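By letter and in written order, the chains are A, B, C, D and E; residue numbering begins at 1 in each of them.
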Amino acid sequence: MFETTSMGPLLLSIRLATTTTLVLLIIATPLAWWLAHTTSRWKPGIQATVALPIVLPPTVIGFYLLIVLGPYGTIGRWWVEVTGDALTFSFTGLVIASCIYSLPFAVQPLQVAFQSLDRRDVEAARTLGASPLDAFFSVAAPLSAHGFLNAIVLSFAHTLGEFGVVLMVGGNIPGETRVISIAIYDHVESLDYAAAHQMSALLLAFAFVVLLSMFVINRRLSRR
Amino acid sequence: MSTNTTTTGTRASIAMRYVLSRADFELDVDLEIPMRGITGVFGESGAGKTSLLRCIAGLEQPSSGRLVVDGNVWQDTASRRSLPVHQRAIGYVFQEPRLFSHLTVHRNLDYGRRRAPERAVNVDFEQIVALLGLESMLQRMPDALSGGEAQRVSIARALLCEPRFVLMDEPLAALDKARKAEILQFLDRLHAELSVPIIYVSHNIGEISALCDQLLVMQRGRVIADGDLQSVLMRTDLPALAGEEAGSVVVAKVASYDAEYGLTCVRFSGGELFVSGRHEPGSELRVRIRANDVSLCRVRPTGTTILNILPAVVEAVHPDAEATVLVRLSLGSDFLTARITRRSSVELNLQAGDEVFAQIKSVAVRKIGVEPGK
Amino acid sequence: TVAVASNFARTATEIAARFTARTGHQTHIIAASTGKLYAQIINGAPYDVLLAADAERPRLLEEAGLGVAGTRFAYAFGTLVLWSRDPAVATVGCREQLLHLGKKHLAIANPETAPYGVAAREFLLDAGLWEQVRPRLVLGENILQTLQFVASGNASLGLIAQSQTGIPALPSPTCEWVVPTRTYSPLEQQAILLQRAADKKAASAFLNYLRGPAGREQIAGHGYLLPD
Amino acid sequence: MFETTSMGPLLLSIRLATTTTLVLLIIATPLAWWLAHTTSRWKPGIQATVALPIVLPPTVIGFYLLIVLGPYGTIGRWWVEVTGDALTFSFTGLVIASCIYSLPFAVQPLQVAFQSLDRRDVEAARTLGASPLDAFFSVAAPLSAHGFLNAIVLSFAHTLGEFGVVLMVGGNIPGETRVISIAIYDHVESLDYAAAHQMSALLLAFAFVVLLSMFVINRRLSRR
Amino acid sequence: MSTNTTTTGTRASIAMRYVLSRADFELDVDLEIPMRGITGVFGESGAGKTSLLRCIAGLEQPSSGRLVVDGNVWQDTASRRSLPVHQRAIGYVFQEPRLFSHLTVHRNLDYGRRRAPERAVNVDFEQIVALLGLESMLQRMPDALSGGEAQRVSIARALLCEPRFVLMDEPLAALDKARKAEILQFLDRLHAELSVPIIYVSHNIGEISALCDQLLVMQRGRVIADGDLQSVLMRTDLPALAGEEAGSVVVAKVASYDAEYGLTCVRFSGGELFVSGRHEPGSELRVRIRANDVSLCRVRPTGTTILNILPAVVEAVHPDAEATVLVRLSLGSDFLTARITRRSSVELNLQAGDEVFAQIKSVAVRKIGVEPGK
């Protein structure tokens, strides 16, 4: 069984972090683009709102999410009605919670990158026949590569290390919501230090390899 | 090219009317540019040349405006229509190169080409690369190009996207003379062969007169003169043109080529002129003659190295700078302008109606370009 | 699925292993603080049994109808131990050191969140030391964190659960003093069958096993007192 | 007394977040500058190392820090020898722990901002007589204003919301290390949901005001 | 200015030796520039002009190099010394404006001024702002300037930091003719009044000959010619100069001013010339005469509008382009170059030693600038 080894929770964590990062990129990219270019008076307000999840302790966010996503919460009830399944204590619920929790870490680097883009590059692309979307993918996005990299690194790492939210919303169910951060926490809590050390080392080694390879790729890209 | 107020536009023209307001500046133009040849836009720094091009490209949102290209309405603020930038089939060469720093030169060139809709006229990649001398830098990144090299790439990139017409914003400012001359020649050939019309912004009247068929002069956001090159250059009332570059252009037919001395004899209504280099007999040339290169004599001079001496009639003498005057001459059905010192004009007692000889240094005669197809 | 207060998690895991070996029922142990588990249960957590660290929350669950009425029972009582690994304490003894903390810290569980914290406060009040030691207190989120504070030497003394002193990873103490149980109200830990498992045989079987002699023996083996 | 109201922990949190942010700026700015400009082969490795603290669950980081900073840990022992005071359960210890935990959130936005600076602006400043440091403060830093803003926002907010590390290293001592995130957590744990809601609202309101004013300032700056 | 191999440098000179290698390019120069006047650097795109300036400014790290300014060693890779960029008291006007986008124009101008060490010669802020026409834009942000406006600000900024000498990398490319002429005049006056030496990169030989005292010509990373303007412009063996801009420069003394016609009469070893505009009698002028503006006659022409006709002796006839030749003439102790058609030279049978008359259109005579103080 998975839960007895440290690989199970690690794999689950990777799955969660990957899914979350992908979902976040899809959500955060247009949001960051809008924030980078809007002149709306609501902009600072929306920026502040996006950053708010960082301010609350994860467990507290988890607590509130548990209420909102739970079967008696607005979203949770609606979800149950539509899908028949509960959001909380499920992988889907975890992904939603992680996305909310890590959203600022994806939005901020992207927004900075988009803001420091030279508007003139996009203009040039437009006059060369690129639609706004095309210009985004062929010029703005590659020129913001480092922003995407940072967004990915921060979201991914943050989700890997996330624990308060996940514990609350996910409920530590082996094979489903017991990610490695919770597993480590459990070992620490149960004073099984050897196992905790071993799992931490595994997580760190894995994270290091992932981060290292991303930064190496980034270096290649920017050198080219 | 004529100023109109309805901006209806016809086939084969670019008609526009724009009003654009900025803090210190208002662009207010209403004009029609023929959809052929090269149209020069001349004006001092801050006159609004770049702003005009940006309006045409759709990069600027004018407070009111209408743009009709070839009879198709591209923009009409009254009916809230505006073709998005990428659907306007234009090539835009910016004042600075604006190459994509993440793509090699080759992929920069491909960028527009890949996105071009298929059109009848195809531009030849190899040809343009060769003409702009880009072969050796195709695999380089834009960072590793000098200023002039980058601008050449950017010109090629705009030409390769198969535009209906091209907007060029001082594309040659960063180039050296030799390269400039080469590209000017190429642009000239390009618009003759492919009949891609070009709207060409420049401070340099020399460049403009070497290249353009039509000219419009801007000042403080307004068009103060427009028409075909000859007539605008002949105008003596434009302060912007009052520099040393005043001159005139005549259309001449190649009569013969003298291989021994490398001179071509061309004929126009005012007589014969010798032009450096070989030109195809029977073809038509436009010849620009700078007012500075024309001097006048009462009697036909002899024993001089000046080859081109033509009888002319003084039409009028206009004041110019403090020490000089501009003399308008008629030769057959054509006109020439000569800039001479006021002292000479007084000493020779030049009057309208006087018969004189115009001396033109043959090396100062410039072949300008093949007249576009039709 | 058994939701267990984290202080009992180690014991519960062993019991569950034995239970599974004996009955063939699969068990999952979910450990978290009682407060968290409670919040999760009232928001629909898929747990069958709750082994709480107090009596309060099982009672609340029963009242709310989330726990099966009448399935609530006390399965263990915790005991407080005054514990230290500080070599300086070896000569003086734990109880005496408490009077002369100086700049040293005393770790207890947070009285506002953890039952062991409540007990620790009662003991200190009873001994008339509360006001004196108060500035030197460090509060663990729960009794396990309290142990970490002393075990890592950051706090010189700590009031921990006796059940914890048997943990193999623990460094050897320089003193250990069992706090008299009369000085604090009993640390009753209750279990309850949750509504969603009302009909699950395995869940009831687990509770019965816990209550049975084999369970009791294991509980006692981990340093808990047993209900009568 | 402070600890009975919600203001005490909030004020302490603000003090901690402010101190941490300041210390982080001092540490992260040169580090980010170096990372942005170095061509060293170790760069990706160092980047990955800086990002690692995000990967571990806060409580686990707290646990390890407790050991390292404690009287039997290497750093802790050295600190006691030098200063006579213990690092753990003190405000200083909290600041150190927060800095380690939030370092990546300060480094990443700064690094991105520094990387997207136009090298030519700094060159121009140098030829106008600015020493490298002068050019940094007068040209590079103002042109990276959004990077600093994001670094400050993320560090500040993250420290406000931090809880696992602080709880472990700080020991929840009222008035000294009991920050608002712990206070909220305590209320959730002790089922005092009303107090938790109230404190959360206070924290959120405060954070929102701070973030909003920073974003408004940023907008002013970039408009000027 | 002389090429040397030791780069010892003297007082009042900038001596340098640089080797800089890039993928496709090697800069390899060894030269000494006098610490006065304006030194032109001319060369085609990619010749290495910008690279040379960057080395001098300390922005590029050459593989080997030595720079001695006024006898002080600023850089010597052999002894691993190199003055950091900000301690090199130079002003650098880049090819593009590089204004600080977070500062107003005024604060951009102040940037260098505030950091300048106190020196004997002070530059007047008001004066420079007025001369470059920046008064109305002081409170604007750089974003709201046109290309030409921005470049003017950048020139002013470099001048205001009180440099020992100024490096200018095609600073006028983005300006219109009128503004260009104005700034050229100002630069001219500036270096005469403040004796701030300038190293001036340009593609435009017209600009260079209107401005510079010395000239160095670069090709593929090497200096192929250097010396004072006259002698370099007279050289007929430089392909880079072989365009129409060949010409010569003579130094002349103002003899008299004719207020009626606005003409100044100047005298040089070859005779008298009329120059437009008023110049102070007794002062010295440099007069540039383009080869294209000179024609030759066997007999002195009469009844012509050309005022300047001088007797000259043919020194040599050099081949030029296909249809033209360059004729080197001596007039007194000065030299002129005339470009005439090969056909004319054959028809007039021009030979070395022939006595001829050189016709120079007086409007084509250019006043170039006040000779620097000493």
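Observations
One rule holds in what follows: a contact is a pair of C-beta atoms (placed from the backbone, for glycine too) under 8 Å apart; a residue touches a chain by one contact, two chains touch by 3 or more.
Fair warning: this is a prediction, and the values are worked out from it, not measured in the lab.
With contact taken as defined at the outset, chain B and chain C are each touched by A. Chain centre most remote from that of chain B: C (centre = mean of CA atoms).
Distance between Cα centroids is largest for the pairing of chain E with C. Chain D and chain E, compared by their mean Cα positions, are separated by 56 Å. Computed from the mean C-alpha positions, the centre of chain A lies at a distance of 20 Å from the centre of chain D. One inter-chain figure worth recording: chain C and chain D are separated by 35 Å, centre to centre, where each centre is the mean of the chain's CA atoms.
In terms of their C-alpha centroids, the spacing between chain C and chain E amounts to 90 Å.
Among the residues of chain A, those in touch with two or more other chains are 59, 63, 188.
Within chain B, contacts with two or more other chains are made by residues 96. Counting only residues that touch two or more partner chains, chain C has 36, 39, 148.
Listed by label, the pairs of touching chains are A-B, A-C, A-D, B-E, C-D, D-E. Chain D meets chain C in the complex at residues 63, 66-67, 69-73, 76, 85-86, 88-89, 167-168, 171-173, 178, 185-186, 188-191. Touching chain D in their complex are the following residues of chain E: 57-59, 84-86, 88-92, 94, 96, 98, 100-102, 111-112, 115-117, 141, 157-158, 161. For chain C in complex with chain A, the touching residues are 1, 6, 9-10, 13, 28, 30-32, 36, 39-40, 43-47, 144, 147-148, 151, 164, 167, 169-170.
Those residues of chain C lying in contact with chain D across their complex are 33, 35-36, 38-39, 57, 60, 103, 105, 107, 110, 112-114, 137-141, 145, 148-149, 152-155.
Those residues of chain E lying in contact with chain B across their complex are 22-24, 43-46, 50, 95-96, 136, 144, 146-149, 170, 173-181, 203-205, 240, 243-245, 258, 260-263, 274, 276-277, 292-293, 295-299, 301-307, 321-324, 338-346, 348, 359, 361-364.
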